[in-house]
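Note that the chains take the letters A, B, C and D in the order they are written out, and that residue 1 is the start of every chain.
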Amino acid sequence: MTAPALEARGLSRRFGGLVATDNVSFSLQPGARQALIGPNGAGKTTLINLLTGVLKPTQGAVWLAGRDVTHVSASQRVRRGLARTFQINQLFPDLSPAESLGLAISEREGRGWDFWRAAGKREIVAEIEDLLTRFNLSEVYDQPTRALPYGKQRLLEIALALACRPRALLLDEPAAGVPEEERHDILAALAQLPADVAILLIEHDMDLVFSFAARISVLVAGRLLCEGTPEEIAADPRVRAVYLGEDAHG
Amino acid sequence: MKAAILISALALGVVPAMAEDVTVGMILPMTGPSASTGKQEKAGAELYIAQHGDKVAGKTIKLLVKDDTGAADVTKRLAQEAIANDHAAALMGFGLTPLAFAVAPIATEAKVPEIVTAAATAVITEKSPFIVRTSFTLPQASAPMAQWAAKNGIKKVVTIVTDYGPGLDAEKWFGETFKHEGGEIIEAIRTPLKNPDFAPFLQRVKDDKPDAVFVFVPSGFGAMVMKQFIEQGLAKAGVKLIGTGDVTDDDQLNGMGEAALGVVTAHHYSASHDSPENKAFVTAFEKANGFRPNFMGVAAYDGMALLYHALEATKGATDGAGLIEAMKGAKWMSPRGPVEIDPDTRDIVQNMYVRKVEKKDGQLYNMEFETIPMVKDPFKATKK
Amino acid sequence: MLTLLLDGIAYGMLLFVLSAGLAVTLGLMNFINLAHGAFAMLGGYVTALLMNRAGVPFLATLPLAFLIPAAVGVALERTLYRRLYGASPLDQVLFTIGLVFMAMPAANYLLGNQPQQINLPDFLHGRLEFQGVGIGVYRLFTILLCGAIAASLQIFLVRTRFGAQLRAAVDDSRVAGGMGINVDLLFAITFAVGSGLAGLGGALAADVVGGVDPSFPLKFLVIMLIVVSIGGANGVLGALFGALLLGVLDVLGKYYAPTIGAFIIYAVMVATLTLRPNGLFAKGDRR
Amino acid sequence: MTDVLAHLRRRERWGVAEIAFWLALVAGIVAFPARAGLVNEALIAGLFALSLDLILGLTGIVSLGQAAFFGVGAYTAAILANAGYHDPLLGVLAAIVPTALIGFLTAPLLLRGSDLTRLMVTMGVALMLGELANREDGLTGGADGLNFTVAPLFGRFAIGSFGEGPRNAALFSLAVLFALLFVARRLARSPFGISLTAVRENRLRAGALGISAAWRIVAIYTISAAFAGVAGALLAETTQIASLDLFEFHRSANVMLMLIIGGAGYLYGGVIGAGVFILVRDVVSAETPEYWEFWIGLMLVALVLFGRERLANLVRLRR
């Protein structure tokens, strides 16, 4: 059996007296489609920060493709195959989508320190074009990102993460704030993400979660309440009690 | 569009000079921390021209004042342009020692007199055979101060000088002369150039318990030193404040108030100097500018006087070597008293006065009470 | 030793009074006002000219040294500064340095190059000695006055509703406006306080630093920025403690190690900012 | 969609305006040798501003301490010349070594805190180096400055204040400026350069793409320091003097003004801003040597109020 793409082993994080993440363990197999849900304040953001290396855990370990990366810096984890998107767009307003993607590819290819040869290399153009097409950005490839409609920016957010060619991809509320008429773009993009990439979707939108994920984990007050198929989660009384019962579309 | 700006600006710089014009490139810090020097110098030079007419030996004097902001590279460029573009027959001014140094090679190469009317480090005139000076040197003022102190019951002294060229000159010459006369230097303190607080240094002086403290600070810091001297209780502790005239700069003395009273300094010029020449000079200067002349103003006035003298001697010929020759040994009666250009060193020889700050007609003045006649720069005297 | 400490505190208070206004505009309003020193110069001139030309007593000039720069500050704020709230810091730098460049020659043109001295009244002269510990009367006066100013500012800007509203307005002026806060008025008052403090600082400092002259706005800009950055650009208390720290270390350093005197404040600043990048009294990670 | 490549490479081509800009500079120096000294000063200030643009414009790191490297570069050339190494090209190249080293060693100070922190720390470093130069007067000549001479360039073209000297100096500075702007241009369009833009625009996302912002900043600060060092060496060599005021606050502040006037981030802004600043200063201060600062100030205020961006766009060559 191959090693999980991403694995959390007993992750805990305390801020002073507050336990934000409490002994969380789970694993993402290659190609997994998993979702992480939980009410506001459940500690989803802290968990992502622990996985990506922005925060160091108080206890526990993070494994990436069979290797312990707990003490590896955030940027090194990206190079080893862990990419993410952000709940609030984190893009480069002055660069165009083509340039942004070119940058991500160059960095992935280890050309980030090349200060002499041009960034626009013929070899990477095919890949940029492929990503632009897949994420429906072809028409705006040369616009400054700040001028793009919000939905296009959301797509670029995912495309950038994918340009890192990750083994594991963390999607942080990819549909947050997207107007209804642009949502199908996002759903389509998610549907055709490469099958071999393990994906953890953090989402409030239950329709999206249930249409996308094969497995769902529920995080409550920093600890994993339960994990299972969408059907199991939907039927779980504990989940209903703490979460679905309150406000399913919170 | 840019090119057009460039071209018009470039073209502006080139002004054709008439054969009968003698252009004087006066390069001064007119802005920045030394701006007060520039203002005095400009006023002094302009007053001389106004009083004596702009015609001398058949030539018309044109004064070209340039602001070098106190930056040596700008001074140098302005000097080069004054000579190359404006055909300046003489350069004048130079507010600080490095600025005077910067122009020395240009003066030598172009054979144009560089009349230093401000910078006071002793060694300047040795940097080029075309440099003459009408201001003073710090050894010239510091050594007589030391002699006077030694003769007047002062045995132990602490020196406070600003930590740069002129300050070190003052420290060295006061110290050596004073020791030679049998005095003792307890401590030599150097203060940073940008220093808004003298209290800790003065506290140190107080703990040293000297008879007097000798101070050299650039003009502009004098008031601060004197006020803090009183405030730290040094006057009450019986310590005397002595220094070079920079501390009691005429330009600023009047505003310093009671704190300045009784301070004894040695210098070559006081606006209260008792001579008809000076009375006329001060009156005219104050009338034209609304402020009192100081040693910078008189040095520029004399710089112009020296140039007029030289042009008369050469009958209007403007070659630099001839002008310099004519300047050597020149003697005239300046507002400060009799002065002479030492033919060997091209430095000024002048009376040094020991003065005490007193109130006269409701205003503060450095009142001269002892004269050391015709002092040569002791720095160059010892080298022979 | 205690004498030195007192001198250091007095020097620190002087630095504080020069920088307090900057701490208000930079720390509370997030506006880079490099023209702060020009307001300080104005305050210094107000006191000096009123005393020397109109014979007004020193203490009576101090309120005016606050009010006149404050009024000029409001006038400029309403007409010019307000357009630059939220502009890029580079624009703010360019604009306020431009004002400094205009203020210096203007002062030179109108009042001449000579420093205008302030001659203190007799009761502020002299020195108190008590069991071997001495301090200049004026220094003691500045310590007490500046202490009072610092305390009242702290209360005014932090403890009152005004302070809370101001922080809300700086964080998001639109939301604050929606909450019924008069943002314009708030900023104008704060800017006036900042400018007035600058003026008062100039007036109080003028005697010690050798008078007020046209180069004043730039001469003390560096040290004012140092004080505010060490303190943590976060209001008045930071600037107060930053200034005191600098003052005491500078005085001690100059006394015990005069040869390295010039390095001390810079070294203290670089060391402080290396250890505490947002200053000694920074709260949170403010940009 | 073959134009993706063209889009990515659109900033690599030399535009007509860009070429004309350089030709105009050469022509200006040759046509007006009388003002070559002034043009030289402007070109060097432009190079100095370019060095700041690398960190401020490209990377978004503010600094009020570029004068540190300007001064060290100048003194490197001066001290070398006084030690008998008079070749001007050698001096310029040698200035790279100590400035890059100091830049590399002090760059970590820039990684934490706010913009204000960076402004103050860089300023502190510059002022301390200036004070060090003042103290080490055996090496630097202290407050008197260092006068020295340099050999003719390539053994043929004399540089200095006499005859062809100012013109040769200006052409030399122009050549160095062109060479370094060429380097900066390549750099800005390289993957490294784009990653600097990424660090400037969104450090969080840059990190999520695997870019370690800290090392990129250290690298570009080191390069920027070397650029400033070269500018300092050029100024020292073409004026044949190095003095302490090179380290002063106003040098750092003025170079920032020049860059902002011309517009940061597109490499030519510094050169244009320096040209405007120095030419205006020259023209106005010839008229009113005491009060010219007022008019410069008015210009700055007007520039901000009427929209720096709009004006910059007028003269901007190609973005």
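In this text, a contact is a pair of C-beta atoms (placed from the backbone, for glycine too) under 8 Å apart; a residue touches a chain by one contact, two chains touch by 3 or more.
These numbers come from a predicted model, not from an experiment.
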Partner chains shared by chain B and chain D (touch criterion as defined above): C
Co-neighbours of chain B and chain A - touch as defined: D
Most central chain, Cα average position: D
Centroid-based (C-alpha) most distant chain relative to chain B: A
Chain centre separation in whole Å, for chain C relative to chain A (CA means): 49
Gap in Å, rounded to a whole number, between the CA centres of chain C and chain B: 35
Inter-centroid spacing, chain D versus chain A (mean Cα positions, whole Å): 42
Centroid spacing, where centroids are CA-atom means, of chain C and chain D in whole angstrom: 32
Chain B residues counted as touching two or more neighbouring chains: 31-32, 35, 39, 163, 192-193
Of all residues in chain C, the ones touching two or more other chains: 104-105, 108, 262
Per-residue multi-chain contacts in chain A, two or more chains: none
Category of the chain touch graph - line, ring, star, complete, other: other
Touching pairs among all chains present in the structure: A-D, B-C, B-D, C-D
Touch list for chain D against partner chain B, complex: 21, 24, 28, 32, 34-35, 37-41, 131, 134, 142-145, 147, 149, 161-162, 166, 235, 239-241, 243-246, 250, 272, 275-276, 279, 282-283, 285-286, 289-290, 292-293, 314-315
Contact footprint of chain C on chain D as seen in their complex: 62, 109, 112-117, 119-121, 123-125, 127-128, 131, 134, 249-250, 253, 256-257, 260-261, 264, 290-294, 296-301, 303-305, 308
Residues of chain B defined as touching chain D within the complex: 1-3, 5-7, 9-14, 28, 30-32, 35, 38-39, 42, 65-67, 70-74, 76-77, 79-81, 84-85, 97-98, 101-102, 104-106, 109-110, 121, 127, 163-165, 192-193
Parts of chain C lying in touch with chain B, wherever the complex brings them together: 3-4, 7-8, 10-11, 14, 52, 104-105, 108, 112-117, 119, 125-127, 129, 134, 136, 138-139, 207-211, 213-215, 219-220, 223, 250-255, 258-259, 261-262
Touching residues on chain A, where the partner in the complex is chain D: 52, 54, 73-76, 78-79, 83-84, 86, 90-96, 98-100, 102-104, 106-108, 111-120, 122, 125, 128-129, 132-133, 138, 141-142, 160-161, 163-164
